[in-house]
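After this come two complexes, each holding subunit A, first together with subunit B and then together with subunit C.
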Partner chain A sequence: MLISTVLSEEKPALVAIPVVIVAVGIAPQMVPEAIGISLITVLMYVVLTLSWTMFSGPTGYVSLATAGLFGVGVYTSAILRDRVPIELIVLLGGIAAFLVAFAIGLLTLRLKGVYFILFTFGIAALIRSSVQWWETHVSGTVGRHVTGATNETVYLLLTILFAFALIGGFLLRHSSPGLALRGIGENEDAAEHIGIDITRIKVLTFSISTALMGMTGAVMATRFRYIDPSIAFNPLISFLPVVMAILGGVSKLYGPILGAVILVVLQEFLITEHPHVYLLLFGITLVVIVIWLPGGLVELAQKWYIKLKIQWIKLRMRTTRFRREREAKKR
Partner chain B sequence: MSLLEVRDVSHRFGGIKAVDHADFEVAKGEIVGIIGPNGAGKTTMFNLISGAIGVEHGSISFKGEDITRLRPDQINRLGLARTFQTSRLFDGMTAFENVRLALIYGNPNRRFRYEEAEREVNQLMATMGILSDRHKPVRDLSLAGRRYLEIARALAGETEMLLLDEAMAGLTPTELKKAMAQISSLRDRGMTILMIEHVMEAIMGVCDRIIVFHFGQTIAQGRPDEIAADPLVRSVYLGDA
Partner chain C sequence: MIESAIDIVVTGLILGGLYALIAVGLSLQYGVGRVLNVSHGEFIILAALGAYSLYTVAGIHPLVAVTLIAPALFVIGYVLDRTMFNDLRRTSINEDHFEGRSLLVSFGLLFVIQNLMLVSWGAGLRGYSVLNTPVEILGNRYGLNRVLALVVAVTASLAFYLFIRHTRLGKAIRAAAERPDMAETLGVNRKRVLAICFGLGAGLAGLAGVLYSMMFDIQASRGIELTIVAIVVVVVGGLGSITGSLLGGFVLGLVIALVNFIDPSLSLVAFYFIFVVVLLIRPSGIFGRQIHAD
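Right after this comes the complex of A and B.
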């Protein structure tokens, strides 16, 4: 069902997705080195936002556990970096985040609305505090050094994760579980009454999407080179993907990508140009986005597209009428 | 053997007994109506049967299987589906997507190819007379269209019994006649129906039996003519002149 649906309905996307992945992959060779390094941060947030959107987009369950699961990946990498190859570390970071998310899911996904948001935020803080306690009381350290990987390796791994997130997000949107998640977002009671095992589907999708967050953390640890709980579990990593997804719009697959790219670029610009008032300006921008763009840029673009189309049709009608009148006069 | 058996079921909301030792059964192929004044416990009874709220006392069985402690999705997959008093359609989807989702998850043992699912969904929508609305967003449907869509969605699983909660409320006289004919035709195809309804014309016109609820209790059960003549029912619900 899935394959035939995809083939019949989404031909443009089937072409666009590989093109975008290849373009992202070769982007660092096309830009100056300084920008190439910034692309790592852009790509990190793009993957995190896409992963966040997989579950939270259709269901409306706003998870603030991203930092916790990203941090699990970071610490997996910090602990295993010198023992196993980086590819395996990334995989293990994903598995660790999946397992933690699975446990969180079983605990929290019966909660709804603001309770779910607060609980996930609390869980992220709990993971951070637990790691901090472990590090100070058991490991006897504040932070850890992580053997770094080259920028090229980090970028390549992030590109692979981006490909997983993009293809995974696309397939999910066109699959029965994707439709079921939309149903849960629309009306959870009704979804349950048409035979959807809502707890199972929520826990599984949440856990699978967060595996990508853990993998991203595992990759980024090799770029940070020094990590401690405040770096690994930075609360901004929980908040920014939410804002990026809202800015871009979750109704289309490209929305979160657009939101992530714009906000990271804006953030980098403000940090460089206005370092003293960066957080103030960034905060104002976020408030404006939430108030003025509730449907995101995707919805705005769709509205403009419809308006332009109407204007174009009106113009064509006017031209045709004018031509007919001129021809009638000639006769 | 009865298809649905409700035995001595009670449920409280705080100090209020919403359902009080309710006891009735529905045989296969029957259309049974539930009537009663507002607050009599009719919708709570539906919520208890469909698993939306837990049963505090008593038992409910469907097809001989105890469903008292099952979740709504498990009950649905056994073949017992419902509609809601206030529409709970997925408004952001098309009518087609609403039914397709129910078809996929209501039939856990079948894997649908896209064309097969499309054919079955179209068939269900044609049965309810809303095939031409299939690609419309749900929010653009008329009230009657929404009601029919909810029934089509409920029928999409391996449904053997349908619980209709005021499915005919707000319909025009013409729409009402059509809806009554639709419900009768569903029974002709083997469906068992338990329906809550305030429209007496509908309940008297299509039901084989009627159960009367009052303060959570089943105070009378019988054929429509028996219920209409029952003095107790007349005094609490129909109004005794």
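Right after this comes the complex of A and C.
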């Protein structure tokens, strides 16, 4: 799409994106320290959800491989932590996830619908159980200690990843690959017939977006400080971004962010004291939004907004008519 | 050598019987209703915990309890389909859209049922022992409960096969799976048949769960493993094929018994490996895509 059309159509977003990034960057200084630490979790899930949405949002291919790719990043970080500087680790974590995702992408070309969902779930589980087997039988360890980084460093790195995800998501929405992805989501055969190289676009978008997941994993390893396969490949990390994205709504860029923030806040309140209640609410949310609220909160808000607007116009029409009648009477 | 080979085969068959029973329920729900129910394992664990509580609290023998538990789960499944999945079917654009959405809903159900169980039964291991007198088969000893579980699983699978093949309702189910619109024209009440199928799937999970509780210790969080077993078997046997699921269950049981014999820690890796490879090479499963029992 031409830059000029983007400029004219998306003026609010062009202001909002830099403002949001700066606000996120300075947020820890504005709030008490305890909340600042929770912000790391919020940011981690926001980045994961945004990167999940890049590929799965427009195409409708629900990937459950997030935990696998996040874990690849975590383990890259755990192995290299004491040998190379942290910036390089993050980059390498991204590259490792990219390569794994590229291989998955090439393998899954033929799979659609539930087969794709199952395959991505299976591959994440296969990576996990293979790493677990390797660690216990070859490395002879259950888990690994990772030299920690300060909260400030972790937060800064996550903010940079957030900026990447947000700007990347925005550019993808307003570029020809983004349109092509949407075309694939609406009708894959038709998209192929009008000349879209669907294979290339699917594999590349999937692997590039998952590089962000790997990088997030690499950063978070230095925050976890101790990792084992059940932490690095926690299946919840595959499910949460899906639920966060559809709770918020994938039709707008801010939808997934909204969903992620709501669920992480809920998690922070409930997970330590009542983990089962949290997961119960999580399950109910998933059921309710998929069946009764498929467009997510964004669509719900839009519906309410339109309803309110209609009411407002009706009210105005009534008052003007009333005024006119009164003026007519006066005369 | 020969003795351990026999041991692998018998253990494999016992495991396989349970796997087959677990998989048939899932296969029915997917083959007819297009719901890939990943909360299937939770239904199994729910039944297992129910049998455990009935035995330890009320002293009801699991083989008696099963006549309460399986129908109860049938009703739950029936109601779930009539309410949730029916709404979902109505609002979906096409079958693929419905499959994706119903998969997500059943993931939601998984979290709901699992955490309800964790709240009510806790996270610890629970087990009881019934009928564990040893029985000798070809030189090796097995618990009577395991042998009985194999017998019940095989009988139930066969009975179910005959039901699907020869009864009026079974024929309606197969018709609804193969040509939904045509079946409806010929007077099959599709909504009712779909709900019955989902209910039957849950009921079979109930039966499998009671048998499971007689063989293994139960933990509320382990349903997902059983779901994965069921999905692997169903994918290996061909999604939607009931015969495929029965055969796939026994094949996988034998493979896992063999892997367990070589190195027990590899069994999970083997599971996922078989799963991923079958999905890649032959997504329609080894026994092809036959939606019904033929």
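The rule we apply is simple: the second predicted complex is superposed on the first by the 318 of 331 C-alpha atoms of A that agree within 3 Å, B and C clash if a C-alpha of one lies under 4 Å from a C-alpha of the other, contacts with A are read in each partner's own complex, and residues count from 1 in each chain.
Following the convention adopted for this analysis, a contact is a pair of C-beta atoms (placed from the backbone, for glycine too) under 8 Å apart; a residue touches a chain by one contact, two chains touch by 3 or more.
Bear in mind that the values here come from a model prediction, so they are computed numbers and not experimental data.
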Self-check item: Joint occupancy of subunit A by subunit B and subunit C, clash or fit
Solution: fit
Exercise. Report for A:282: first if it touches subunit B alone, second if subunit C alone, otherwise both or neither.
Key: second
Self-check item: Partner chain(s) touched by A:328 [first = subunit B, second = subunit C, both, neither]
Solution: neither
Quiz item: Who does A:291 touch here: subunit B (first), subunit C (second), both, or neither?
Solution: second
Quiz item: With the two structures laid over each other on chain A, which partner does A:30 touch: subunit B (first), subunit C (second), both, or neither?
Solution: neither
Self-check item: First, second, both or neither for A:115, with subunit B first and subunit C second
Solution: second
Quiz item: Residues of subunit A touched: more by subunit B or subunit C?
Solution: C
Self-check item: Partner chain(s) touched by A:187 [first = subunit B, second = subunit C, both, neither]
Solution: first
Exercise. In the overlay, answer first, second, both or neither for which of subunit B and subunit C A:19 touches.
Key: neither
Self-check item: Spatial angle subunit C-subunit A-subunit B, Cα centroids [nearest 10 degrees]
Solution: 80
Exercise. With the two complexes superposed on chain A, say which partner A:176 touches: subunit B (first), subunit C (second), both, or neither.
Key: first
Quiz item: Closest Cα approach between subunit B and subunit C after superposing, in Å?
Solution: 12
Exercise. Indicate the residue numbers of subunit A shared between its subunit B interface and its subunit C interface, in ascending order.
Key: none
Self-check item: List of subunit B residues in touch with subunit A within their complex
Solution: 50, 52, 71-73, 76-77, 81-82, 84, 88-93, 97, 100-102, 104-108, 111-115, 117, 153-154, 156-157
Quiz item: Which positions of subunit A touch subunit C when the two form their complex?
Solution: 60, 62, 107, 110-115, 117-119, 122-123, 125-126, 129-130, 132-133, 136-137, 235, 239, 242, 246, 276-277, 279-280, 282-287, 290-292, 294
Practice problem: Using the touch definition up top, name the residues of subunit C that touch subunit A in the complex. | Solution: 36, 84, 87-88, 91, 96, 99-101, 103-105, 107-116, 118-119, 224, 228, 231, 235, 239, 265-266, 268-269, 271-273, 275-276, 279-280, 283
Exercise. Please give the residue numbers of subunit A that touch subunit B in the complex, ascending.
Key: 1, 4-5, 8, 176, 179-180, 182-183, 185-187, 189-198
